[in-house]
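Presented sequentially are two complexes of subunit A, the first with subunit B as partner and the second with subunit C.
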Partner chain A sequence: MSSDVVMFYTYALVAVAGALGLVLASRLIHAVMSLFATLFAIAALYLLLGSEFLAAMQLFVYGGAITVLVLFVLILTRPAPEGADRTRKGTMWTAGGVCALFFGVLAITLGRADFRVAAGQSHDAASLASILFSRYVLPFEIAGLVLTIALIGAIVLAREDDVLDTPSDLPEGARVPGTMTLGEAAAAAATYVKEEAAEGLAPDAAPSPGSVPAEAGGAE
Partner chain B sequence: MITLNHYLILAAMLFCIGLFGVLTSKSALRVVICVELVLNAVNINLAAFSVYVAPREAVGVNFVIFLMVVAAAEVGLALALLITLNRTSDISAIDRITRMKG
Partner chain C sequence: MTLLKTLIGMLALVMVVLVNTIVVMWCERKWMGHMQSRQGPMRTGFHGALQPFADALKLLGKEDLVPAGADRILYLIAPIIAFTPSILVYAATPWVAAFTGASFDVGIFMVFAIAALFPVGILVAGWSSHNKYSLIGGFRAAAQQISYEVPMILAVLGVVMLAGSMGLQQIVEAQAGVWNVITQPFAFILFFVGMLAELNRTPFDMPEAESELVAGFNTEYSSMRFALFFVAEYMNVFTWSLLTVLLFLGGWSGPLLPGIVWLFLKTYLLVFVIIWVRATFPRVRVDQLMEIGWKLLLPAALLNVLITAVGIVTNLVVLSVLEFAAAAALVWLVSRLGKHAGDRVREAAVERHAPPRTRAAEATVASTETEGATA
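Let's look at the complex of A and B:
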């Protein structure tokens, strides 16, 4: 057996074992760790395929970013009660049967399929980039746009609702004590500049009326 | 000798395991990461086809990169939704989330 075969079966075994652990683990933190093992093994398979850029991206995006994101959500959310994230036994058997049947059909078909495999040197990161930045440059830009929109959407979805909202349930004309509107603030700042800042830093200088709102307690 | 069929069968296996996870788990977080597993299986297929069938042009590998972008966006949005659901309600099982039923 050549080393390629040994490496392929090792990584494939790790990937499948990690995937099974992800599906069957009873605690979610174990499932996430299994997912990490699977993603790592898939990155190794990309290396075996000869596309080292893809392996690096797999480690960065999946192994790094997505795993850490899932871990953060696991930390931030309440844990489900033990054993509550499983469907009924009958559903599990049915789903397992359907998936096994589907895999059987796929494996038989793929095992007998004969693809027209072309011989040739495998591509490297330079040829990847030459296509990505010439033929696929428009999809590349749109992908950046998609990521930006997804980022904005995630922030809008996940932020606390009352952090940035103005208190809109107050009646018209009502004032929150100690605050002023933007126009009043500008007027107060202008008064301060005209009347007080010109007087220098006299230690006993009393603020002139109109520069500090009365509700804030400055002009008592 | 490792052929294209080896990679395709491995990807089919990962796909079916991920599908099983999506079908059987009620925790929304586990559903999201099982969908990630399914997407990874598709990525393996694309990369293997690209390397074995058209080795001179890295078209399939480019598709894998775009799929990674879409997967990252999808995970970000799904997890933001999950955090919002967790904050606004006590529901942890996805079959009881019926607020958006119209």
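Let's look at the complex of A and C:
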């Protein structure tokens, strides 16, 4: 066996193992790291096929950006309690059927496809760029525009205005005893920073209530 | 036979890189020492030359701890994920014209793609440690590296436009007449600042701000797993210095001496500057870091692309003049911003020491009232 074949099977094995790990892992973060392994192995396969630009793109966008993004989201959001995301039997059968159908169509199509590269057709970055910015410039630009609009939309939807500025908007009964709203905490922190050096006193050496919570022994 | 040759080449490359990493570690300790009127390590070997080896031996002898509550598998593989890209970059990096690694058609892009994997290891390390300082450190490192990659890549775009190729070999060859630091000084400054952030070096070392975060993402790590992070960091210092030399300082070109000597001289000059920056500047705040990255460096890098395009359609002299003007404008702007920030700090200090019964006192009264309402 040539070294190319050995390398192909090694990376293919990693890719398949990663994909299985993605589906079978019980913790989401392990699933993400399995996906990372798969994406990495696929980049190596692209490289083995001599498609350097595609390999770099795969590493950059999927291996780096997408994985980090998913990790951020997973770590920042509250995890579902253990066992809460078990799917019901009916859903499982439907999903299995759809997957089998999709896989079948994919297998038939790929089996019939002709993967020969036309002679003299190079796939380096320069020729890719000249195609992308001449023949396909309109779809390329439209895709960019659509993604920008999606990004702006996501920001508008996710944005919560004036969280820090208007604590008084809260209904009076919504307050948990012994806690501060964000606005009060910010005011207390500002008071602390502005007034006290290290000794918990105002500049005129008077005790400064309000900057230290009563529970922590601050002056009432 | 070719396989054997490849393997030997790879091994030699890794050894060269590791030796240089050790030298960079020693340089940092000695140079920092002298900059701070200390001597640095002196007792192990000639002027402490064997200190890094002694450190490695000490770390090898330590217990490999896994904290309780940590995600065991991820905790154990995170240092490997973080270390691999650091060494993998050298697959795409040429040293001299005759020794190139795999000479990729998309060289510098491949380097950035591999470097983009580094935050994954750090994030996983921070998360799996089950420690809030590690987690915050991991977040800061990942956010910072992602943010500063954008202006860095845009700054390199100018160099790529001039060379007409993304291959590092071709970029160096294109600098045979005049180095890119002359025709692209603006891009050089942007790239260097971005590089400091990418390396988590002062003044952008928030991920390891010891006064806030103990040691950042590697707080819980001990033994060789800690050493992997440590070595990866210093290896990255050497790597990015080398890449800067290739991109902006003419690579291995220079008179009289052989190319490889020039390459190392220039690389260690940049290593020195990076260490010098660490000895000189205080750390910036997290919000300042993000503002510098997105509001200053990103637009500046876009401007650099525009200037380079203008230079290419006119000539190199125009390009050089425009670039130096833009670089001077950037320096002036940053110095103004720094002065403005300094003035604000001074005003705040004056206000703090002003006579009592100012608006600070009113704020106290107001917060007392709200506290009363809560109780």
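Here is the rule we use: the second predicted complex is superposed on the first by the 125 of 220 C-alpha atoms of A that agree within 3 Å, B and C clash if a C-alpha of one lies under 4 Å from a C-alpha of the other, contacts with A are read in each partner's own complex, and residues count from 1 in each chain.
Keep in mind that, in the parts below, contacts are C-beta pairs under 8 Å (C-beta built on N, C-alpha and C of every residue); 3 or more make two chains touch, one makes a residue touch a chain.
Owing to the predicted nature of the structure, the values given are computational and were not obtained by experimental measurement.
In the superposed model, A:I152 makes contact with neither subunit B nor subunit C. Look at A:A56: by the touch rule set out above, it reaches subunit C but stays clear of subunit B. Contact with subunit B, but none with subunit C, is seen for A:L132 once the two complexes are overlaid on the shared chain.
Contacts of A:A65 after superposition on the shared chain: both subunit B and subunit C are touched. Of the two partners, subunit B and subunit C, it is B that touches more residues of subunit A.
Look at A:A186: by the touch rule set out above, it reaches neither subunit B nor subunit C. Contacts of A:V23 after superposition on the shared chain: subunit B is touched, whereas subunit C is not.
Of the two partner chains placed by the overlay, only subunit B lies in contact with A:L45; subunit C stays clear of it.
By the touch criterion stated above, A:S3 is placed in contact with subunit C alone, subunit B being left untouched. Shared-chain residue A:L106: touches subunit B; no touch with subunit C. The intersection of subunit A residues touching subunit B with those touching subunit C, taken from the two complexes, comprises 53, 57, 65, 72. Across the complex, subunit C meets subunit A through its residues 3, 71, 73-74, 104-106, 109-110, 112-114, 116-117, 119-120, 123-124, 127, 135, 139, 142, 146, 166, 348, 351-357, 360-361, 363-364, 366-368, 370-371, 374-375. Of all residues in subunit A, only 3, 27, 29-30, 33, 36, 40, 52-53, 55-57, 59-60, 63-65, 67-68, 71-72, 75, 124-125, 175, 177, 184, 187-188, 190-191, 194-195, 202-204, 206, 208-211, 214 touch subunit C in the complex they form. Within the complex formed with subunit A, the residues of subunit B that make contact are 1-10, 12-21, 23-27, 29-30, 32-34, 36-37, 40, 43-44, 47-48, 50-59, 61-62, 64-66, 68-77, 79-84, 86-87, 90, 92-93. The part of subunit A that touches subunit B in the complex is made up of residues 2, 4-5, 8, 12, 15-16, 19-20, 22-23, 28, 31-32, 35, 38-39, 42, 45-46, 48-51, 53-54, 57-58, 61-62, 65-66, 69-70, 72-74, 76-78, 80-81, 84-87, 91-92, 95-96, 98-100, 102-103, 106-107, 110-111, 113, 115-123, 127-128, 131-132, 136, 139, 143, 146-147, 149-151, 153-155, 157-158, 160.
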